[in-house]
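Structures for review follow.
Next come two complexes, and both contain chain A; in the first it sits with chain B, in the second with chain C.
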Partner chain A sequence: MKLRKVLRIARWEVSKNAGQLDRRTVAIGLVVLLAVGALTPLVAQQGVTLDDGIYRVGVPEDSSYHDPVAQDAKFVAVEPDPAAFPGEMELLVRPDGRVVAAETPKGRAALSDFRDTVTAYNDRLMTAESDEAAAFPVYVSVAYAEQNSPTASAAGSGAVRTTAEGKQRLDGETGDGNGADSGDGGTDSSGEESEGGDEPIGAPSVGGSGSLFGGSASGGTPADVAPPFPFESLVLAFAFVLPMNFVIQAYASTILDERVNQRGELLLVSPVSREDIIAGKTLPYFAGMVAIASVTAVGITTLTPAADGVGPLGIASTAAISVAAVIPIALLFLASSFVGGMFARSFKELTFVTVTLSVFLTAYAFVPAIFTNVHPVAAISPLTLVVEALQGTGAGAGPGVGVSLGDYAFSTLPLYLSAGVLFALGAGVYREEDMFTQRSVPLKFLDALDGQISGRRSAAKLSALSIPFVFVAELLVVALLFALPVSLSMPVLLVAIAFVEEIAKSVHVYAGFAHERFERTLRSAAVLGGFSGLGFFLGEKATAVAQLVGLPDLELGQAAFGTVTGLGIEASPLVLAGLLFAPLALHTITATVTAAGATRNRNWYFGTLVVATLVHAGYNLTVVSYIG
Partner chain B sequence: MDNRLTVARRELASLRSEKTIVLAILIQLFVAAFSSFLAVGLVSLYDPGSVSNGFVVEFAVTGEASDDIEPVIEAEDGWRAVEYGSYETALRSFERGEVHAVLRVERGPAGRAQVDAIAPDGNVRTTLVVTQIKNVVEAFERTERGRLSSRLTRQPVELPGDAPASPYFSFTYTVLVPLLTFLPIFVSGSIAVDAIAEEYDRGTLELLRVTPLTATDIVDGKLLAMGILAPAQAGAWLALLSFNGTAIANPVEILVLVAGVSVGVVTLGATTALAFRERKQAQFLFSMGVLVAFSATYLLPESPPNAVAKLAIGSPTRATHLAVGAYVLVSLVAFVALRRVVAGRGLGE
Partner chain C sequence: MIEVDDLRKEYDGFTAVEGSNFSVPDGEVFGVVGPNGAGKTTTLKMLAGLVEPTAGSASVAGYDAGDPEMRKHLGFLPEESPLYEDMTAVSYLEFFADLYDVPRNVARERIHDTLDRLDLDHRERRIGDMSKGMTRKVAIARSLVNDPDVLIYDEPASGLDPLTTNYIIEFTRDLAVSGKTVVFSAHNLFHVESICDRVAVMNDGRIVARGSVDAIREEHGRTEYHVYTSVEVAGARKENGRYRRTVESMDAVEETRELAARAGGEVEDIQTHTPSLEDIFLEIAQESPDVEGRP
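Take a look at the complex of A and B:
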């Protein structure tokens, strides 16, 4: 790759786009952007309320319940006509003041919500009272402390190690001198319950806003008590991901443009390598994403109330951490839409592909971050790093708090690796015979895999390269399932993981057979299965480093990754050694089964895939139930 | 009319042959599954009864006024109070995991109670325990207000009785149903942009123009194909939801609204594609435009998602019906306006 050539192609890409922008486009674009800017605060002020007027309450004008109903948009006051109950209303206030609910799920839900509404109304009513001690007779402060006892698991939760502990361990290991775990910010007031008592108790603020995060030790009325749920910071973090969805639309268009009417031919025959072309075409969009992310980061950090009193240095470092955490997401967005642009046959198909990518990637980045400070599963998403960095400024601590190198590696390494492999895969078909032909996406995918095969040993290489995707897919499954009760999620998880791994080990072998790269004999199937299993095994062992970081603490994480590595499982050395090499046998056998199926045809391949998945899941189940 | 149907059929056939529309269905399934999982997950974090029945939160109570809070805790089935003589023993018991939370209750000036609560840090239980602490102190606040009512000039409104309600009920109608009905619309609009931009980009518009089709026929046909997709998908979702036990009231009116909004969004997509021709710009401006238009409806009294929620849950008012009519009317006016412009100017060179 030559930097000068890459830069020239990047310049072309920019000037081509700039050339298409006439005055009208720019003007309309500006108007739309201005409208977004003007609407955002308006809508944010009004609040996105989806539940306006969903319940109807029959309440007399003179009832004491009339005001609570009138003040909550969720309820609509209607005539208290007993004849119309329960047809025209869900709740009815009787003349004697009793509230009756319709005997339907809706009626019960309405009553439950009405209790909350009345509670909030009472708090508002009491703020007008002169005798504050009688109006708000209870003051509460909540502090958080570590609970570390095996007896806690008696209640059925299992001894879940906390994120804070994991961090401490990490900081000790990596020794990056970030001063222990001050990063947990407000929530880390272990044992210092006096801190809560010392909080200045202000006037009761109904609705409990003000502080950015509800997680810190806080004092106030019972209405102010809020579970640690970093909702606002998540919305802020979302501001990073949303613009990426727009950028990849343009990027995927530009890739597909090259393939329409053989436009890319000229660049292909020019004396530049295809890596140069791809890097040059990607560079402007990547730079754009980083620029947008930087502006967003500086903007958010400056505007966040929690950042008050932090100097420019603190703002810069928080912004830098945010951008660094977002970069791998940006790369993965670009890499997957590059592959999408290389595979799609038409604009319409490209739209389906990019929308799918947007939804999956956004979910992957966004959902685990909701559980920041609550659950170790949050460590999966790089957005958690953004949220933690923002919280770090809230604690007023020094620069660089909250995010250690190990955390960064854990949540971003799979993304970096996946992005790299995807670019390599797409680059493999960036050639004349593939770019300008119309084939369906799955066939293109097989072509791309086939492009990476250069012999039987490639089976091992491709299996190893699939590890990041397996990792990402398994993390997604864990994120999806962890909320369910373990008894239900565990079997589903084991089968899902087995399926993902079996596909990763066999799909390139199938691609090789489909392109007649290998002899369709059982012998070659056995050799390929052996290589594929070995490659997967080695790749898996390499990722064991990443697993040391924190996820094995999570029960589901143990099931997902512990079974194949023996990590996080306490057993005798002999069993551990067995555990170390049993997976090799398992992977080889199942890969050979699927390879044998792949020698025949597609139906045989899917059939053997199911068999291999069941064998694999059975093995996992055995390991989990006997050792875990 | 025949000509338009031919164009529409051709569009749908191209979608079918590519089979990637399966992805669109997949996305919706994923979104539905994911948001439901999320709702179940979040609610189970907050509400112990919803997932594990019979889970009892144990509070260690201590301090001089602990006798006042104890009856409040004991009154509820899911709570148990354990009294400790000193704060230190309560704290040690908490650290050993014998209780879920510590409440120290002291009396401050003017008889005000000061509750210092300790909750477990950073684990799955945190949210749940904090929510329960909140409920306990709120109940405690109510009894205290009742005790001090002589000092108040206004009396708090009595709390109505409680009923076991599904915590997912309002989520289903206010989030899930609108999401599932409007997501297909956006995808359809995006595809409408592609369908027109593609003709310009590949130069196939010339071929269409030598056929006996008029410019309005072409646009009509493309909009028809994309405009049908969204209501069809929304209808399938509604059927699936009612099959699954979620009663959907007013399904016909919901479909009318979805079809109307779908016409509007698809018209917007076609307009941007006709105006800009280049997919990159048209898609970008279309998605931003939809974003703007949709957030702007939140400023109206009955935004489309809210109207769908009200219709589905069975609480529509006269304003809801009027709003549905207005949205359909606005979309149709936009569509007719686009047709007139296309009829006047043609599809350009």
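Take a look at the complex of A and C:
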């Protein structure tokens, strides 16, 4: 690859596309971008205040209710004129202190919110009280434990127990009254996590004091103990991931544009490699994504209340970590859009492909990040690293302190590898013979796989290269299913994982048969199945990286990855060796079954895929049952 | 300059080109003709390194057809050349000059010189706003931006009006005169006949005839004599009040004279008809089954 030519193509890509925009469109786009850029941090800092002033409360200034009403933006204090009630107000505080609500749905809603507001106001007053013992004569410690875990019953009796699923019960024992925690991994009155917890699962940020964008620190009542709304993740997904969706539309379009009417043929015949062309065309969009992410990261880092007192170096460091975490997402967005642009036959089809990819990738980045601070499943998403970097809850204790390399590798490596494989897959068909043909997306996909086959051993290579996708798909399945009851999620997970893996091991073999690469005999199928199973087995061992963050501590994590690694299982060395190498036999057998189906035709292939999936799921169930 | 040795190309079991052999020396204009689907474009794309042969080999300017170094010596003009509509002609050509490592000042001079020769004005106009003929001229200018030794032009005048077509054919002839080696395909055989030193006639993926136009005419063409008589003779057709008998030898002409005399008439006129390349092509094509696009 020649850097000078890559840069020249990148410059051409920018100037070519710049010519497509008139000045008015550019101006409108800039205004929209600036508006989004300006509003995002503000919204992040202040929250959305759509309900400001929706309730009118007639309350005298000397009433003790006046201050709570005045301090809550939902309420507007008005003159307590009984004649104007209920027409001009929803609530009225009578001279005797009683509060009456209008007999309307809005009046009842106002009363409900009024109660919450007064309670919160009282909490704040108590928190500000110098005599803590007087304000909070009863302390409740909270310990989070895994469901069915022995520690759940052993840890701190008399505490509020919250299971991993967030169920709570109050045992009612009083504390020592000095505000100290007695439970491991519990929270103090300010809601921050205490150190030295034994539990691998962190507690939610009670009352929001640990929240990224500020919030009330006055909580601490049992009613406040609840999984927080994933506002940070929502904002981060909006701020970091949403702009990517716009960029990939333009990127995928420019890739497809090269294929329309064979426009890109002249570039192919010029003295530049296809890698130069692809890199040059991708570079501006990647740079744009990084630039947007950098501005967003600096903006959010600077405006985060937690950043108060942190110097420019700390802010720069946090922003750099955020951008580094977002880069693999950007690359995967671009890589999948590139493949979409190479496979789609028309802009209409491309829109469908990019929207599908966009939804899938956004879900992958966003859904696990919802559970940041709540559950280790959040570690799947690089956005979690961003939240941790901004909160300082990663490896350090404040914004600007880096996340660990292990966390970074776990969250991003599958994305980097997937992006690399996708670019390679698309580059394989970036040639005259493939890029200008009008074939359906599935057939193009098979063409792309076939382009990577050079012999029977390629089956092993392609199976191994599918591991990042398998890993990503399985992590997503875990993330989507983990909130369901285990009795329901476990069988679905086992079948889903088996299906994903069987497809990964067989689809390229099917592509090879479909393109007459291999002889259609059972012997050939057996050899290819052997290679495919071996390649997959070796690649699968890479999923041991999951151990880095203890994901297999989850029951679903064990189901997804414990069957692969055999780690964390207490058994004799012989059994462990069996568990270690049994997958090799499984993968070889099931890959041979699907390869045998692929030698016939598509229907036979799908039929054997179902059989292989059931066999694989049965194996998984057996191993999971053994692990217990 | 160009050597083609037993080229073959298959697509999913379909053979597009089979057993293609020819060579083109320096400075020659070589034509490739044939009906649609004969394998002309596939052959040219294999020469340009765009399509990988299934078997056989081709070399251009001393390099293998797939060698990136070869591309520096090649100017390729595909049959359809949709350009980047939002660029101007000059910026488009400057971009390709950069890719070919042509120094800026040299490129600028060469681009304007070529556009002058092609009589292309409005050089700063968006390509999307240009006519088809102007766009084709830009595409031709692009093929010359690296001052290549070899030019491969696939249907350079396809879809253009007669005036522009003639202009481009003349321009191609001038390129050959200036020493470029040109491989040229066209549907209009008159153009091929008028500028090509040698031709290869392709049909069904195979070269069915090759050589100079005269040699092919000699090999495949038959000189015909149209003998016009005042009376009807065997094998004659009435035409404008007299009878025409078409024969292929002077003996047959003499026989026609005797037949007319025996019927009380005489031979009024004898015309010699030399077949054009198009006639020969049609005849060759008709000899092969399953020819698409036969007129």
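As a working rule, the second predicted complex is superposed on the first by the 407 of 628 C-alpha atoms of A that agree within 3 Å, B and C clash if a C-alpha of one lies under 4 Å from a C-alpha of the other, contacts with A are read in each partner's own complex, and residues count from 1 in each chain.
Simple rule for what comes next: a residue touches a chain if its C-beta (ideal position, glycine included) is under 8 Å from a C-beta of that chain, and two chains touch if they have at least 3 such contacts.
Since the model is a prediction, treat every value here as computed from it, not as a measurement.
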Partner chain(s) touched by A:Ala585 [first = chain B, second = chain C, both, neither]: neither
Touching partner for A:Glu516 - first (chain B), second (chain C), both, neither: second
Partner chain(s) touched by A:Asn261 [first = chain B, second = chain C, both, neither]: both
Partner chain in contact with A:Leu313 - chain B first, chain C second, else both or neither: neither
Partner touching more residues of chain A, whether chain B or chain C: B
First (chain B), second (chain C), both or neither touched by A:Leu33: first
Partner chain(s) touched by A:Pro271 [first = chain B, second = chain C, both, neither]: second
First, second, both or neither for A:Ser15, with chain B first and chain C second: second
Contact residues of chain A, present in both the chain B and the chain C interface: 17, 20, 260-261
Chain B to chain A touching residues, read off their complex: 14-15, 18-21, 23-24, 26-27, 30-31, 33-34, 37-38, 40-42, 44-46, 51-52, 55, 91, 94-98, 108-127, 130-131, 133-134, 137-138, 140-141, 144-145, 147-149, 151-154, 156-166, 169-170, 173-175, 178, 187, 190-191, 193-195, 197-198, 201-203, 276, 278-281, 283-285, 287-289, 291-292, 295-296, 298-299, 305-306, 309-310, 313-315, 317
For the chain A and chain C complex, residues of the former touching the latter: 5, 8-9, 12, 15-17, 19-20, 260-263, 265-273, 431-433, 515-516
Chain C to chain A touching residues, read off their complex: 11-13, 45, 48-52, 68-69, 71-72, 74, 76, 78, 80-84, 86-87, 91, 95-96, 98-101, 126, 139, 142
